[in-house]
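Would you mind keeping the following structure in view while I ask a few things?
Chain naming follows the written order as A, B, C and D, and within any one chain the residues start at number 1.
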Amino acid sequence: MRTASIVASILDDLGFQLEMGRQVMASDYFMGKPNQEETAAHYQWALENGAKKEYIEAFTDGYTGIVATMDTKKDGPVIAFRVDMDALPIHESEADSHFPQKEGFRSAVPNTMHACGHDAHTTIGLGLASLIAENKDSLKGKIKLIFQPAEEGTRGARSMAEAGVVDDVDYLIASHVGTGVPDGHFVASKNGFLATSKLDVTFKGVSSHAGGNPEEGKNALLAAASAALNIYAIPRHSEGATRINVGELHAGSGRNIIADKALLKIETRGETTKINEYVKAQAEAVIAGSAQMYGVEYEIQTVGEAISAHGTKELASVLHGCAQEASYIKESILEDNSPAGSEDATFFMERVQQNGGQATYCIFGTELAAGHHNEKFDINEGTMMNAVQLLFESIKKLN
Amino acid sequence: MRTASIVASILDDLGFQLEMGRQVMASDYFMGKPNQEETAAHYQWALENGAKKEYIEAFTDGYTGIVATMDTKKDGPVIAFRVDMDALPIHESEADSHFPQKEGFRSAVPNTMHACGHDAHTTIGLGLASLIAENKDSLKGKIKLIFQPAEEGTRGARSMAEAGVVDDVDYLIASHVGTGVPDGHFVASKNGFLATSKLDVTFKGVSSHAGGNPEEGKNALLAAASAALNIYAIPRHSEGATRINVGELHAGSGRNIIADKALLKIETRGETTKINEYVKAQAEAVIAGSAQMYGVEYEIQTVGEAISAHGTKELASVLHGCAQEASYIKESILEDNSPAGSEDATFFMERVQQNGGQATYCIFGTELAAGHHNEKFDINEGTMMNAVQLLFESIKKLN
Amino acid sequence: MRTASIVASILDDLGFQLEMGRQVMASDYFMGKPNQEETAAHYQWALENGAKKEYIEAFTDGYTGIVATMDTKKDGPVIAFRVDMDALPIHESEADSHFPQKEGFRSAVPNTMHACGHDAHTTIGLGLASLIAENKDSLKGKIKLIFQPAEEGTRGARSMAEAGVVDDVDYLIASHVGTGVPDGHFVASKNGFLATSKLDVTFKGVSSHAGGNPEEGKNALLAAASAALNIYAIPRHSEGATRINVGELHAGSGRNIIADKALLKIETRGETTKINEYVKAQAEAVIAGSAQMYGVEYEIQTVGEAISAHGTKELASVLHGCAQEASYIKESILEDNSPAGSEDATFFMERVQQNGGQATYCIFGTELAAGHHNEKFDINEGTMMNAVQLLFESIKKLN
Amino acid sequence: MRTASIVASILDDLGFQLEMGRQVMASDYFMGKPNQEETAAHYQWALENGAKKEYIEAFTDGYTGIVATMDTKKDGPVIAFRVDMDALPIHESEADSHFPQKEGFRSAVPNTMHACGHDAHTTIGLGLASLIAENKDSLKGKIKLIFQPAEEGTRGARSMAEAGVVDDVDYLIASHVGTGVPDGHFVASKNGFLATSKLDVTFKGVSSHAGGNPEEGKNALLAAASAALNIYAIPRHSEGATRINVGELHAGSGRNIIADKALLKIETRGETTKINEYVKAQAEAVIAGSAQMYGVEYEIQTVGEAISAHGTKELASVLHGCAQEASYIKESILEDNSPAGSEDATFFMERVQQNGGQATYCIFGTELAAGHHNEKFDINEGTMMNAVQLLFESIKKLN
């Protein structure tokens, strides 16, 4: 909230028109939101730590999305940029595309990225905002900067897409730094994102003394164990890759008590949205069947979701062209279809494409390393400047 | 059917009044009957092999139960004897109490007991019938001989009990030879029979090519495997012993095809009828859950069932008294409560006791051995004569 | 330790000869001991909270057993009483025979029984010690009071038995209050304790990213789930009751990571020691097989164990006789064989009986209720006085 | 054997030099051969049904492979053609690439393809042999026709490759008709075959009476069920597609007996040989673990195996060129990499390529339909003539 309020304040000063919080996030689709108490505590913390009071009111309840629009008042296309704020101080990212997570050295302690100062993506977004404001008179149409909160598990984009924030967009450009692309390289259309669903499953049975009255228990641990085993046994799909994982299972409260509670944390993936839907449906059937086997109740909560998407070639070509002309880009790749993790920017992309617009997801390569912070920070600054520059060039081309 | 027709013919000649076939067997409760074709083929075979044509008509469709009543026309109790014909030539018994079965040397080839000639139980029944007929004038009340077919898997008694054949009975005596009781010994009340259910479960899924379209299959093999595993995991019961077995699992028709059919043969047991009902209900839940897991259909067929029962002490004491007076009985035991297999005579016992009558299940010890047939046969003949004598004595005592 | 040091101090003052700590506990058999750090911290706490400094040194490292012997110097039998200190402030008991545990209202917060003041069993032990000391001159032989620590999970007795503390004992009387026996009633020989083993199982696999490199993981969660399911499927035993429970399963550390660690808390039980050994061996095979399936390592730690035992009828009759003569005992039962939980006093009983001595486990009924502490405390005091009196009477009878 | 002897007779007449039976098949690698009795019976049948006596002796024991070499005695390359006889009358093919199998309308009755007359592949092979013999004088080098038996489950090729029959080969062309390629179309290099292993697994436990002595059994059914479930749970592989199927599970011999025998028919597949090896190794670990769980013995028999392979582009281009020039080919495709079933011709291809030679697998499209036999037969004949012609053209190009 603190960061969101500061970002909002800067954008306001630059002359952008702001829509914030619940205006730009559909609550039905904001999955896995922290509960009220956590949110309230965080609000208090933000207030005491430099949050901008006149803006933070929009973000209470944790709806921290911002859409900043620069209307040139001249005829022209609507161009949108998606900026994710998912590496903000609140909590280090658990996105698959996040390197520390992927390699397992992500900090286990929440809020430990504070010291890092500015986050690359937000910085790029604000840098781009500055350039747009400066050059406002020479531009046409509208430019929208979408600051999306999605701290973990592909949760924020769908909510904003459902709120309609990209419904008038002609060109959508989502961007990301790093993800293994070498420093100075550029990918104009990164595809290969797997559709995914993140499910939290709870089984609720009946406890009883395992020695005294075993027949009176409804064993949630066994339901969970059986579910886990059979979920992994979900068949492959002939049309593309699938993934399935039960990452956590916690059940029971005492050695000699038949377990009355169990929790499973599940992740499904599919090469296409349809394939992921198939895996998810199978997992749901297994869970329902396991519950029936042991006479226990169950609840499935979808706490994260992303679809697959494919960039629009035309738009990718425009970016590719800009990159080829830019001296600061060593090499530009039009399209990269190798398998990637999951990304919820795909919800924006699909929405724009469904409305006849164009969308792409591009990558600015960088040497994102852990450890040598100062040294690296220089490199990152370079990458960020390049990204801001290239994205601004694309606006000019598309104008 | 051949044997039944011969038995009927003899009883008719002795002056017993006969009720046969569907008159004495409720079809709703005759479980696991061979199908129509098998029955028709057997009927043909029986006709060609010495069956009594005037009686066999009553037994078409395999309903081969006979109730033979000797009505003395004098006031007095109704005394019934249950004679099981389960060791008839048709098929060697698979009852748990059957020694060759228990020890695993039961012949795998159907119909191979032909050569043995007379079966002990039927012989005892007919011997008792002769004594009753000879002594008819000195007896009172009615005497009923219930010849029950139950070739395998505890299937015949319930059907006859439901048809009401013991509803007028004051004293019911079921008897068995052998079952581990030493030669010359007698048990007046054998208890400890476990209630049991025999279930045939079929799963019906959808086959598909395992390489080409794995996602299109509905895997009956996995449903069956999961059911088997979870059925064994049904919890113990604090009120008494339980047993559960999946004796057979057959699934699938080709290595590279997702299996669309599976069959499970299951047996549940419980120290009491209630406990067995508990195990059965749990098994049914597991089966339903497994089917749901894999999106397959299922059918559960109960092909055999027996309840638990406890002999009436009063009646047991009468038999114990007769045995103690009989010179040919070396030792008589009033009551034996050690765990035994399952027996569907318990359906008769419960019915009689519910109507205020008395019932017991007694054992005539013998040296039932395999191998030395001739030698043994002498011993058996002795046992049979003793059994006939003792049962007849009990009629006199109860008269 | 604090309590142990106070108990030791009192017994010393009364003239008992003391053996303490590692003198009376064989370290090879002291299972599930808290680790060094916890023990050291507790030691510190005890020192600061009134522990008797001159005694506590014996109990460092958590070996808090005490054997107090009163040697009358006159010829006579060795009579021993086992006093468990398992309801001491350290941690509320999780023993099956502990009512709050059984009924599920046991406090989840450690150390919350402080307020209760003296614990019934220890109080009985000290009360008995006082009577013995007062009447020392009129007694013969030796009287041993065995204060056994066994805070949770049947852990302390075996260690003391293996140390030889009952090897010279002619009569061993273990006693317990409550366990469902009505107020004022007495059971001279409580049998039916199930042999039990408590196992902590850890699986150690290899984590990997479930989306990126699923084939590189060694899935500890699946090994644990498969183990749990197949452990419940361990067959029944024809010679007596069995129990098996996986009370807790905790596995994995992130939704999208293949779990590299899993923990199972298992409890096996058997009507006899042999049957429990069978169940335990089967469970161990299942665990080893599950680990092999998934290429993970495993470790099985036995953190608690108890055997079954049966009281000596002669000794029970002596106690029964005392109880029948005592006006404060409303009703005395010689022998109660109904199924009970597990108790490690059975290790003492077996050892004494193996050496030709006699042993029994007796119960003093009481109205052990939760909630109304003051009110109840009066009742308990009554029970405790009666227990002390009756146990002292038994010494006189056995002298 | 009958067909093999006739084929051998024809080739001999055409002047080919023959190597047959064990000369061209390494017995260590001839998996899943029918047993001796079946083979002997079939030998007898063949003799009585027109088999060529002077040739059949080579094929006793079921080793029915033939390598026919035409040595032009002039310098030149060794060109080999693999002709599979897997659709011979003996048994309709179960290969995945076989359309009736794939679509599920393959006859369940063995030997029912008799009526069809000639089989396409063998006919093509013999047609090609005729052309070679006729044009022998204008050809150079050696031409080898490899008639491979592989009635089911990818079993024959490896045995012939291991016997060294392609070790001198410079160009290897395997061909197939149909497999979904439209009539008149040609694929010069069909890739995408999945590596596969076919495993027969038997578990051997100990039977016991499920009611009387459940603890004495070693449950092979449960081991098999647990293996099946956990085999399906083998993780996906990030480097390519995997498939796994347990197509059949048969266990147990009686409802009330703990099953002492179980059989699983398993098939693994992988996009590359390495991936399939991974899946197979995982399956083996699961099987070993399941056996350990239940204390049963197990045996894994590999009854079929194929590797993945990729055609040599150079050789494919030659065939593509011939096809483009041929008026009877409507359209030629150089390379088709879409996923296919499995093929053991890949063993020949890998061997040739490892020795520096070139290999490809080509497809002649056809309208292989069921039902309208006469009509279709015309079309097939056309396809076969075209195939013979094109393959002969390729010899001329490669000469």
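The rule we apply is simple: a contact is a pair of C-beta atoms (placed from the backbone, for glycine too) under 8 Å apart; a residue touches a chain by one contact, two chains touch by 3 or more.
Only a predicted model underlies this, so the values are computations on that prediction, with no experimental measurement involved.
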Legend entry - Between A-C and A-D, the pair joined by more C-beta contacts: A-C
Inset, instruction - Same or different, please, for the chain B to chain C contact, judged on whether over half of the interface numbers appear on both copies. - result: same
Legend entry - Remotest chain, chain D as reference, centres from CA atoms: C
Legend entry - Inter-chain centre distance, chain C versus chain D - centres from mean C-alpha coordinates, in Å: 67
Legend entry - Chain centre separation (chain A, chain D; CA means) in Å: 48
Legend entry - Gap in Å, rounded to a whole number, between the CA centres of chain C and chain A: 53
Legend entry - Of all residues in chain A, the ones touching two or more other chains: 212, 214, 222, 226, 229-230, 232-233, 235-236, 238, 243-244, 258
Legend entry - Complex contact set, residues of chain A against chain D: 229-230, 232-233, 235-236, 238, 241-244, 339
Legend entry - Complex interface listing, chain C residues touching chain A: 94, 96, 102, 104, 153, 194, 196, 198, 207, 209-212, 214, 221-222, 224-226, 228-229, 232, 243-259, 262, 265-267, 269, 341-342
Legend entry - chain B residues within the chain A interface of the complex: 212-215, 217, 219, 222, 226, 229-230, 233, 235-239, 258, 278, 285-286, 288-295
